[in-house]
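A single structure is presented below for examination.
Letters A, B, C, D, E and F name the chains as they come in the text, with residue numbers starting at 1 for each one.
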Amino acid sequence: MYGPDVTFLGVPRCDLDDPSSYADADVVVVGAPFDGGTSHRPGTRFGPKAIRTTDYLGQHGSRPSLALRTDGLRDLRVLDAGDVEMFSGDAERSLTTLRGEVAKVVRAGAIPLILGGDHSIAFPDAGGVADVLGHGRVSMIHFDAHADTGDIEFGSLWGHGQPMRRLIESGALRGDRFLQIGLRGYWPGSDVLKWMAEQRMRSYEMSEIVARGLSSCLTEAFEIATDDCDGVFLSVDIDVCDPGHAPGTGTPEPGGLSARELLDSVRRICLELPVVGIDVVEVSPPYDHADITAALANRVVLEALSAIAHRRTGEAWDPLRPLLDGR
Amino acid sequence: MYGPDVTFLGVPRCDLDDPSSYADADVVVVGAPFDGGTSHRPGTRFGPKAIRTTDYLGQHGSRPSLALRTDGLRDLRVLDAGDVEMFSGDAERSLTTLRGEVAKVVRAGAIPLILGGDHSIAFPDAGGVADVLGHGRVSMIHFDAHADTGDIEFGSLWGHGQPMRRLIESGALRGDRFLQIGLRGYWPGSDVLKWMAEQRMRSYEMSEIVARGLSSCLTEAFEIATDDCDGVFLSVDIDVCDPGHAPGTGTPEPGGLSARELLDSVRRICLELPVVGIDVVEVSPPYDHADITAALANRVVLEALSAIAHRRTGEAWDPLRPLLDGR
Amino acid sequence: MYGPDVTFLGVPRCDLDDPSSYADADVVVVGAPFDGGTSHRPGTRFGPKAIRTTDYLGQHGSRPSLALRTDGLRDLRVLDAGDVEMFSGDAERSLTTLRGEVAKVVRAGAIPLILGGDHSIAFPDAGGVADVLGHGRVSMIHFDAHADTGDIEFGSLWGHGQPMRRLIESGALRGDRFLQIGLRGYWPGSDVLKWMAEQRMRSYEMSEIVARGLSSCLTEAFEIATDDCDGVFLSVDIDVCDPGHAPGTGTPEPGGLSARELLDSVRRICLELPVVGIDVVEVSPPYDHADITAALANRVVLEALSAIAHRRTGEAWDPLRPLLDGR
Amino acid sequence: MYGPDVTFLGVPRCDLDDPSSYADADVVVVGAPFDGGTSHRPGTRFGPKAIRTTDYLGQHGSRPSLALRTDGLRDLRVLDAGDVEMFSGDAERSLTTLRGEVAKVVRAGAIPLILGGDHSIAFPDAGGVADVLGHGRVSMIHFDAHADTGDIEFGSLWGHGQPMRRLIESGALRGDRFLQIGLRGYWPGSDVLKWMAEQRMRSYEMSEIVARGLSSCLTEAFEIATDDCDGVFLSVDIDVCDPGHAPGTGTPEPGGLSARELLDSVRRICLELPVVGIDVVEVSPPYDHADITAALANRVVLEALSAIAHRRTGEAWDPLRPLLDGR
Amino acid sequence: MYGPDVTFLGVPRCDLDDPSSYADADVVVVGAPFDGGTSHRPGTRFGPKAIRTTDYLGQHGSRPSLALRTDGLRDLRVLDAGDVEMFSGDAERSLTTLRGEVAKVVRAGAIPLILGGDHSIAFPDAGGVADVLGHGRVSMIHFDAHADTGDIEFGSLWGHGQPMRRLIESGALRGDRFLQIGLRGYWPGSDVLKWMAEQRMRSYEMSEIVARGLSSCLTEAFEIATDDCDGVFLSVDIDVCDPGHAPGTGTPEPGGLSARELLDSVRRICLELPVVGIDVVEVSPPYDHADITAALANRVVLEALSAIAHRRTGEAWDPLRPLLDGR
Amino acid sequence: MYGPDVTFLGVPRCDLDDPSSYADADVVVVGAPFDGGTSHRPGTRFGPKAIRTTDYLGQHGSRPSLALRTDGLRDLRVLDAGDVEMFSGDAERSLTTLRGEVAKVVRAGAIPLILGGDHSIAFPDAGGVADVLGHGRVSMIHFDAHADTGDIEFGSLWGHGQPMRRLIESGALRGDRFLQIGLRGYWPGSDVLKWMAEQRMRSYEMSEIVARGLSSCLTEAFEIATDDCDGVFLSVDIDVCDPGHAPGTGTPEPGGLSARELLDSVRRICLELPVVGIDVVEVSPPYDHADITAALANRVVLEALSAIAHRRTGEAWDPLRPLLDGR
């Protein structure tokens, strides 16, 4: 929608209006260049372009992972549907349009991988998946500094601080299969927290993560996420990372995960869980520097794809295996 | 709306819900922190804050102009009503709200001075003035690189490329009292130009300005603007200046006016014409550097206020008069 | 002193010349916009403004901590006295003025929370506290990459590399109750280290912190700090963090703490120790990017306030408690 | 070569290895992502991508000029051949490759429009044109702060300070049909100036341009350029503009043209002279801010194309004609 | 004082404590890395280093001017005395030290060329010259957006808004031989203007410059400056230029001169007047981008030196002379 | 080669053409301002200058390490030979020149410490050492995100992705004494990995490092490195660190080491192993912000020198020893 028409690292293009163009896809990338829902620094409308292209390697649709020995862009059939037209000045219409596009991808049996855009899009992203796979049948693993469970803000239901509430309220997702990782800071207040507790959400604030260890929290979350659910939606707000690792975002909250921790977590999720949809959101290029936030988001996508490809091999992955063991 | 609650260089605050608070105002500053209508780089939501505060002098509500010997903030009664709440994700609602607030100011007999925000707000800004002073009774002098006369864009009527069309279509302003200065570049196309010609708009493209001289064009424009109209609305899109002078904007078009030319033009307009409303728009701080664009916009506001104050003295102004002539 | 007159996240204002205005305060924020003492990159004069306002949430004087379940700005009575006028070109006069203002706060029974400014201000900050509570009765916990115990530099006693020496030499603070955390790099030399050892200071260089663990070092430091002292002054130089987490500072030294480690340390100090004064210094906005350093400093302040509020409840804090446990 | 594969504002692609793909082209854009010849700040390897895409309008291969009433991308058949592979670590090989590609375009009867890259490429650019049209048959109009007539530098013949000497020495271009506009500063020294005078080059230093007026200098230059030559090569080094208008370049020299002056000059050249080749060079995105230098270079290209399209209509152009005269 | 010890573009070093080292100098460069007097954005302490080194050419002590055909660094004997130690936290002491150093240079018969630093240093710069050449015998040509004639600010006599008042009050310079060029904006107020008028200063505000032409104003100023005076001090505050041309400064005021106008003015002054001292001040690298402000200041210095060298040849300079006329 | 001629933090200069000038050196710093080999973002040509000078302390050739109690610049005889002239447009010639210069240093019995420049220089750096000490007698410890073992790229053997292959292919270094630490991401592909395995290289990918711990990996690597080798070359590509800690580099790969981990690793290597050569590469100042990457590289150099100095004392180093233990 902004700038030249490019695909994620050069993967083939498809057209969501032409089902044959993505009939055999494993993953379809969808750009959601929308920042009309942000409560502070805008700019995520340029996120899809930045996440698609920020890489120092040639952009020819191949990325062999050193860690996983899979090529997420080759071992899977990954297509890019381009950007959905989303006028930032009309959140409601834009989100509705997106939801329909996401559902098309799911109906074709592919995993939608949506590049935000601000986090408002989680509502149509996970909602569109649930529309096809069944309301209440998809659990959520949500990386974020913020709970995004606000009610009405600036007079609207549709901002980036509210999608998780809308998903649960609408019945698309179950509150008790909603896992949040990395929360911290000074929002929301007690009313909203009370509502969250009533929904039986499970939110790991950074203090708990530091005290227990991230790995232990993830293991517990995985158990909840896979209990009586058919698939997992993974929503990655880049601000779950510390601003030192992800400065280019709208509402940076100090004290977050390192980039390494996020990448390792995404890898584990996609290796161990039946992921049915992904979004990567809140990359704001105007506030980035040296493109490090966009590069991180690009690697989050590749980490997910590489791990999904590995999971489909059915083999176990051993982090202790040396890189050059000759196999 | 974003960040701390401050007024333009420290002028007193008023409350638009309390007419007594601005009953005797000459000018009321209104913040319009809205960037939901921009077609490219966002960030103008932070424009009102930046324009209000970007100045190296103490912010105590006084600014004696060296050039004009008036103090726009003291000789006039200037109040600041703060920001109108404008959710960028809902352009239509936000613009409607703003229009009502602008009209309140006009009804009180004051000049509304709106700080944008993207140029979408020109529709409620000039429209709100015309609602009170009479449709067709206010002419427009519009500094901009762009005509902003598009029809439907991104499926919406309300973006920053369309307000001037909406103003004329709605009858709020007359096309043949619509003066545009500084247009250039590659938009709009012939259909829109044809519509503009049909409205009998008068648009000075930069080639004409260079060939004839800016001063000559302004003089001609002033004659049209004051023919059978009761007042003039001045709309300053900061991108009328060259990107070297105003980098912090959403849609920079090379080859524009210098900062000096813009300041001198604004001065002449406010000295010579019956200005009834002003907006200064399209300052995008995330793309600014060293705050030079915000500083320029701040000075555009001060230039206007100083000149309005001078006009009210009824005295002529002589640019040849030395600064230290002892009077 | 620079820019508009704002308070820390919108807390009420008080006036240090009017004791009644802060008679019942728990904490009084004081701005110290001084960078005349810095030995390298200046800019900390804009630190108070940046620390007060860098936050993406509305600035209305409330911040409920997710981690601690207290609202530091509501559960405590926090007031902001604005900036002390400190001309950077006259360090001695400026520091003297500040010392008097700090003492006023302490005399009123409140905790002074000074926002720097360069670290020169630690001398009047901790000195002003000691002037009221008694010389030798206040211990110091000092987070910093640098010892700040130099003698005469650039021909002056008053630079930002010397305040800790001045505090001890003057008897305001005891050397053997002076705890330094995070030192590293290549300054000072052996002469100064010898002087420090003679004062029986306890300085934790990063190698020791890495080898022993930060938590263990803190526990040891807490014991010293509370041995025969009536209160603890907490001085946080933001450069204790790694430049990746705090680039916006004057003398960045690679290899420091993470933002998470600093926040957790500040929390523990304010939960476990009788803090009687705080300063947060060396935030230099011109060298910041995406405002991440200012945001971190803002969160250091909030972490301290939230924890002080929690300490006053008398309840224990358990980091393992889940966020949504329903209490 | 760097990043995604895109064409100039979305014009169709062609393949220089497939002559049928550009058989009917009027203009072929060629990217020269090479900065191995620069003597100071590098980064122009990213120039082709930046010049192709830096525009806030949709990139669909159309740009109707307000000033000229032509659409350079539609009225002409403009194709983009993508980037030539140019390893910056091997100047000689890279320049040789480029020369062959440029000649292919000329042989097909099209105008090559090369996007640099550093100015080293002027040698293969103008040389490749002369190889086809005849050595000595093409004159040069060269906008630059620097003469680029150095001999051996850093032990090499091929840097960006030397291409103009190589062109003349090799006989590809005549020295007495070599027009330079905008020179200034402190290079080269008298030896090189003597060589230039011996070649009978005509170089307009900024003092002469200020004293005589740019327009007068251009008129004189045009006469020389069209005397006994078959075509004109236009080489635009963006550093001919003042650093305030073009900061993103490798060797900025204060005191240059404004962006407006450059655009107007390029327009006149392409309206009045038989242009047979163009390059636009020395845009260095890492040193740009808010993309203003890349935007200017993009507009230089469009100005040239719009004017070439106008020249082909055979009609005169009148800058005094109002934009909305209804024709 | 900050960073490595370098000289202006590689000219030889001298030592002000060793008169023999600069006995035969024509010009002695002195660094004044002081920003303790600035009222807003600091950073000029890094000005001397930036002005000395910001150039893309090799730094070997030679710069042949294309415009003037002189080599200011070779035709004159230019030495660099390095930085004076100036602690920014003690303005009074620092300025006193500098005054003594400047006087040493003048006593040796050389022109002091001081690189600031903030404009506070004009007091010791011009004062030190007058101390040797005689109070009242040196006139001042002062390029600036600001009059710098304030009285007491921030409780001090020594800030960067006051040096011109101090010079006149102390009798070092005559008010009626004080020429100011480029003033604009909103400072100072009428009291100060009244004082200035009483001193019979002559200040050219930008409105007068635009109305009369810069050249005409300069000619008039030159007549005043040379009436019953023995020499002229040239003080160039880089903020006389528009922020688009000089963003890297502390108190940018929109609407100033272009870089070209400043360079041409400096050239004329040094060609036509008996310059006895120069300072170039207010370059603040932290706010610069792409180093364009530092580059401009470097060229101001070179322009002055080239013109002084030309003046000493006794020949006239003709701007109409073509660069390659073969002489 | 670029900018003023300075030495590493002010150490004395030597001249590689004059062996007597470095006859008794322990370490000779050599600048390699070359970025002609980079495959993406250039700028490392300014690395040597940035690494030499980026420090907030005075640059007088002394740096006492707080952690190690040695002064690497005083306890060792460290000289700086300045920059080797390396034209980035001719990689082959430039690298050959550098190799000869490095060998000169080794022949004099000193450790060459080369400041890059891009990683292409590892071939002449380690190759030049091996030329003197014997091919196959020097092992390599290589910190990097990338293996740098590519074959032909962009048609050349000499880019920054290939030096390690060239070193092994040429026999200069043994593949089975080649230790790589920090690899990650999506390059190279299986062919190159197969070649690496055949050479019996040992490469620690980040997954293995996270799973086993960095310390354990280093210990294992040290055993291999010292098995039947006479010395160790340490090559530090700054991109081994996470982009949050080292943004100023050409090919940033998220998920790397922290600055603290790199510094501690370098310390251990230089304390425990017989280091015979060092290079620090890939610092690209145009992409740095607040100079944090250059500062880190400067500290990597100092950490190495401090540890080498400590190793020569023959004493053990205890990280648990408190800083102020009085010894």
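A few points about this structure:
Keep this in mind: contacts are C-beta pairs under 8 Å (C-beta built on N, C-alpha and C of every residue); 3 or more make two chains touch, one makes a residue touch a chain.
Note that the coordinates shown come from a computational prediction; the quantities given were computed from them, not determined experimentally.
Under the contact definition, subunit D and subunit F share the contacting chains A, E. Between B-D and B-C, more C-beta contact pairs join the chains of B-D. Using the mean of the Cα atoms as each chain's centre, the chain most removed from subunit E is A. The most distant chain from subunit D is C, comparing centres defined as mean Cα coordinates.
The two sequence copies subunit B and subunit E touch through a face in which the numbers common to both fall below half of the numbers used overall. With each centre defined as the average position of its C-alpha atoms, the distance from subunit C to subunit D rounds to 56 Å.
Put simply, the C-alpha centre of subunit A and that of subunit F have 38 angstrom between them. For the pair subunit A and subunit B, the distance between mean C-alpha positions equals 41 Å.
Residues of subunit A found to touch two or more other chains are 40-41, 242, 244-245, 258, 287, 289. The touch graph of the protein chains shown belongs to none of the named shapes.
Under the contact rule stated at the top, the pairs of chains that touch are A-B, A-C, A-D, A-F, B-C, B-D, B-E, C-E, C-F, D-E, D-F, E-F. Contacts from subunit D toward subunit A in the complex involve residues 3-7, 10, 52-53, 59.
Across the complex, subunit E is touched by residues 56-57, 62-67, 242, 244-246, 258-260, 263-264, 289-292, 295-296, 299, 302, 319-326 of subunit B.
For subunit F in complex with subunit D, the residues that touch the partner chain are 2, 35-38, 40-43, 45-46, 85, 87-93, 120, 154-156, 158-159, 286-287.
Per the touch definition, subunit A reaches subunit C in the complex via residues 39-41, 183-190, 193, 196-197, 201-208, 210-212, 242-245, 247-248, 250-256, 258, 287-289.
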